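Common to both upcoming complexes is chain A, partnered first by chain B, then by chain C.
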Partner chain A sequence: MKRDIFWKIISPILLVISVILALMLGAEKVSLAAVFGQGDKFENIILWQLRLPRVLLVLITGLLLGGSGAVFQLFFRNPLAEPGIMGISSGATLGAVIASIVPGFMALTGKGGVGAYISPVNLCAFAGALIAGLFVTSLAFSRGGKSSSVMLLLCGTALGTLYSSLSSMLLLTCNKELHSIYTWILGSFNGRGWNELLFILLPSAVSIILMFIVSRPLDLLTGGEKSAAALGVEVDKLRILVLLCGALAVSAGVCAGGTIGFVGLIAPHIVRKFLGPRARTLVPFSMLFGATLLLLSDTFARIIIAPGELPAGIITSILGVPFFLALCLGGRK
Partner chain B sequence: MNKKRFFTFFLFICLLSALYARKPKAADTGYPKSIVALSPSAAEILFTIGAGDQVSAVSEFTDFPPEAKAKPVVGGFDGKTLSLETIMSFKPDLVYLTERMHNFLIATLESNGIAYYVSKGDSIASVEREILEVGKITGHDKEAKKVVDGMEKKLSKVAEAKKGTGAVKVYWEVWNAPYMSVGPSSFIHDVIKAAGGENIFADLTDAYPMVSEESIIARKPALILIPMSTGMEASAVGLRNGWSDIPAVKNGKVFVVDDNVYTRPGPRIADVVVELSALLTK
Partner chain C sequence: MNETTADFNVSNLNATYNKTQILRNINLSLIPGEFVCLCGPNGAGKSTLLSVMAGVPDAKLKVTGDIRFIRGPRSLSLSKGSKPPQTSRTIDISTIPRRDLARTIAYLQQNEYSEWDFTVHDYILQGRYAYTRYGHYTADDHSIVDGVLADLKLTQFNKRNIHSLSGGEFQKVRLARALAQTPRFLLLDEPASNLDYVYEPHLMQLLRDTVHKKNLGVLAAVHDINLAARFADKILLLPPASAISDGAKKSVLFGSPSDIMNTDNLKYTFGVEFECKEIKSFQSLQ
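Presenting the complex of A and B:
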């Protein structure tokens, strides 16, 4: 119990430290004066127009991915579940690929077009994730019965494969420059700013509220859907809320940083090690931990080969996997 | 015993054909008569030096000159969508490859005794060398020499004009989600340099690196070039957060250029250098 309290205090502190680090470090040096708006013009631009919105975006995306991962693992009672497994991330990629190929979408970048403010690629990725997510959710309506959660996982995985194949086919047949869209697929917050932040604020807020709403009944689900139903949980309703929450979280995350899947898988497992499996602690602390991991990854991605950048999605696994493995193997003793 | 002898004979044949294929020229009667050009720049070089009649097939995205476009297509220039069967159906005696992208074809071509030429196309100088070499292989040395001389004339004129003036900082935007630019090992870097510009990401090693938005702004490019194939509009660049104070944006020096021509390592690159140097000094 004492250990619990220690970790509950230390996690938010870690998050605050990583936010400060993320703001301090970057490809370009920013003097302390810029923090008070006293730096030179370009320092002010870099800190307030580029770095701050990006850090906030990473923070929100980390919260969403960590939280939705925990919710999915709890609901499906499957340690491998995360919103990405439902084909939502692949749907996002398909959207991004379509935007980069169909000439009409990139033409939206002209004056007055919505694309001038948010890249059409990110917009279409958001739409793709949302459509894929809502489609999977609608499958949940059509199939009742005790096996429907397993069916959902299978259908989601199958649909994800279908979307990936369609993306690859489009890329290979219609595009000369595969390099740029592959960089997008690897996941990066490069070039995102205030506009993206404003855009994802509403879906993110709804998704986070849903996470807290479902975490209470999720605790009752640990004994299986039948016993939860006996305890008064409306499993069908819960399933739809969970899917909706995941769809919104991934859509917002994808608009902000591309397809970064690994955080949602790993954050809940790490938190479970320290704080136990109760949903009411697991969900919020997975959010905190997801945000910390993603912030550190993005900071590394920005500074390792500056002025070049690496995709944050790669760094997430390079940082996270060794830590995760050490934790798993250490627990076996 | 018989089997063994047969096997030795077979090995011998393989060895012979491999040795034979290593030579850039396959034809014993003279010059290649059925060339398959696997990139738009290869087709362009062949047609410009007057070897168009010897070309039997080209790759996708081949669009210049119009006669080249009329030739049959063997598949994507990317390599992943190329069909080896289709290439073979043209009974080529020379296959014109691009370094890295088409290297996987070499083993098959060698074992079948088909000659090949590998294009490097990583700088203007290497393009000129390539034109001369291909001229020799196809029997059009004189025309090739003439083409290269013409290019040299244009290039030295630009070099002469920019003497004494400082290099203008140029940002070439490959893509904006995420931001990607070009490093010194890319072809376009060399083109920018020849036109009197200075690539702001000349210090990176990767040819097409993802770059930090902070660095783009801090390096204050005086000219921003957007490739036409991205579909992006020049006016959108100024609307990005924090970009309005970049000198290039302030002075209206953001241009969309036809990357089909700008990034193609072919004979028209000298004209590109002339055009780009005009954009730089305007």
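Presenting the complex of A and C:
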């Protein structure tokens, strides 16, 4: 019990520290005083125009990835599940690839189009994620009225592979500069700002509220859908809410930072290790850990080869995998 | 059986799976305080019958027929206030929300495992979900869990991790979760399977005592007919649907163990010859 309270206090503190670090560090350093509103004009411009929107964007994406990973693992009672397994991330990538290759989409970047506010790549990624989510759900639901969760995971994995192959095919058959789309696929927050933040605010808020709504009955899924239904859970309704919150979370996440994998997978496992398996602690603390992990990764990505920048998605794996393996192999408590 | 005292009725139940008939014209009733064991050969549809009665059949199963329980005047008077109505109501289980069903009927699947390693207390607490508002468990819920733990002599396991329990202990913890639902009827699918020769009768005796003490109506699928004959108040024999296809024969056989467990009935149900012997020590139980 004492250990539980320790981790419950320490994890929000860790998050606050990573937010402050993320605001301070980068190609151009900002003093701690500036973070608390005491900086000079130059520092304030960096802080308000560059750092703050980006840090908020990373924070929200981390919350979404961590939370949706926890919700998916609980609902599908599968320690490998995350929204990416439904093929949503690959769908988003396909959307982004189409946007960067087909000439018509890029024309939107011109003044007056939607592209003036948000890049067409991100817009198409968002659309791709939503369409992929709807498609895989309707496909799994089409058989006999009710869908089985296993069918959903199978269809999702298969469709995800299909989308990835289509993306690779499109990229290899066109003779364009691949650098920008490549960093996008690896997951990067480079050059994102207030516009992207405003765009994902609504879907993110809806998704996070849904995560809290679904979290309590999710514990009862531990013995499968039948057993949960017999205990009084309306499983069919719950499934729709879970899928909706996952699709929104991933769409918003890829729109903000491309396809960042792994955070949704490991954040819940880390929390489960320290705080136990109960959904009412697992879901919110997975959000906190997801955000902390992504903030630290993004900060590292900005300072390692400053003034250049690495994709945050790479750092997530480099930082996360050793930590994760050490935890897993360290034996159960 | 006298129809007017029956509390949980299944009538004209048919179930088909991919055009194969699993259950044919099943009629049965459960009454509180009676421990009924469901016996039949593999594939006769014991699990199917229990899952249909619990309201959680397989999605591909096509079910026709009527499953109702009687909601007594007691629970109605709670909702209607000072004027207790004289008549009780029969309720079709397919028409009520799952929460309401879970407060009346508890169902234990065969060989269920838990993916996550809850403590015994937290796991049993899940049985209280149907009584909570949005899953917020109250102090009352916790004390009901403590009461069930004490009833089943599981109190020392309260803080244990369920993955650290033996098969028999976990089976008891699952039973505790079902009892925490404070149901009126228990539907159990092979509650004593995979247990050793000592634990199997121990669990059956525990079930029998609990059923009588708490006045529950219980239908339990038990594959071991000797075990069923030894502990059950009544036996329900379920022959495969294919064996009764001519329609004239009975779809279920129901009665006390001494009446129902004879060579004719067992041959009819299982399709093979049996030899029945009376064992002195079991006489008192029957």
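In this section, the second predicted complex is superposed on the first by the 308 of 333 C-alpha atoms of A that agree within 3 Å, B and C clash if a C-alpha of one lies under 4 Å from a C-alpha of the other, contacts with A are read in each partner's own complex, and residues count from 1 in each chain.
One rule holds for everything that comes next: a residue touches a chain if its C-beta (ideal position, glycine included) is under 8 Å from a C-beta of that chain, and two chains touch if they have at least 3 such contacts.
Remember, predicted model here, so these are calculated numbers, not experimental data.
**Student:** Label the relationship between chain B and chain C on chain A in the superposed model as either fit or clash.
**Tutor:** Fit - chain B and chain C, as placed by superposing on chain A, sit side by side.
**Student:** Based on the superposed arrangement, let me know which partner A:K226 touches: chain B (first), chain C (second), both, or neither?
**Tutor:** second
**Student:** Just chain B (first), just chain C (second), both, or neither: which does A:W184 touch?
**Tutor:** first
**Student:** Would you please give the vertex angle at the Cα centre of chain A, with arms pointing to the Cα centres of chain B and chain C, as a multiple of 10°?
**Tutor:** 140
**Student:** When the two structures are overlaid on chain A, which partner does A:S317 contact: first (chain B), second (chain C), both, or neither?
**Tutor:** neither
**Student:** Which of the two partners, first being chain B and second being chain C, lies in contact with A:R77: first, second, both, or neither?
**Tutor:** Second partner only.
**Student:** For A:R278, decide between first (touching chain B), second (touching chain C), both and neither.
**Tutor:** second
**Student:** After the superposition on A, what does A:T157 contact: first (chain B), second (chain C), both or neither?
**Tutor:** The answer is neither, since A:T157 touches no partner chain.
**Student:** Please tell me which partner, chain B or chain C, touches more residues of chain A.
**Tutor:** B
**Student:** Report the closest approach of chain B and chain C over their C-alpha atoms in the superposed model, as a whole number of Å.
**Tutor:** Nearest C-alpha pair, chain B versus chain C: 40 Å apart.
**Student:** Quick check on my understanding: which residues of chain A belong to both its chain B contact set and its chain C contact set?
**Tutor:** No residue sits in both footprints.
**Student:** Enumerate the contact residues on chain B facing chain A in the complex.
**Tutor:** Interface residues on chain B, with respect to chain A: 61, 76-78, 80-81, 174-180, 201, 203-204, 206, 208-215, 217-220, 229-233, 235-236, 239-242, 245.
**Student:** Provide the residue numbers of chain A that touch chain C in the complex, in ascending order.
**Tutor:** Result: residues 74, 77-79, 144-146, 148, 216-217, 219-220, 222-224, 226-227, 229-234, 272, 276-278, 280 of chain A touch chain C.
**Student:** What residues of chain A sit close enough to touch chain B in their complex?
**Tutor:** Residues 26-28, 41-42, 45-46, 49-51, 53, 103, 105-107, 109-111, 113, 115-117, 119, 121-122, 172-173, 176-180, 183-184, 188, 190-191, 193-195, 258, 302, 305-311 of chain A touch chain B in their complex.
**Student:** Over in the complex, which chain C residues touch chain A? Could you list them?
**Tutor:** Residues in contact with chain A: 51, 54-56, 59-60, 97-99, 101-103, 105-107, 109, 112-119, 122-123, 126-127, 129-130, 134-136, 177, 181.
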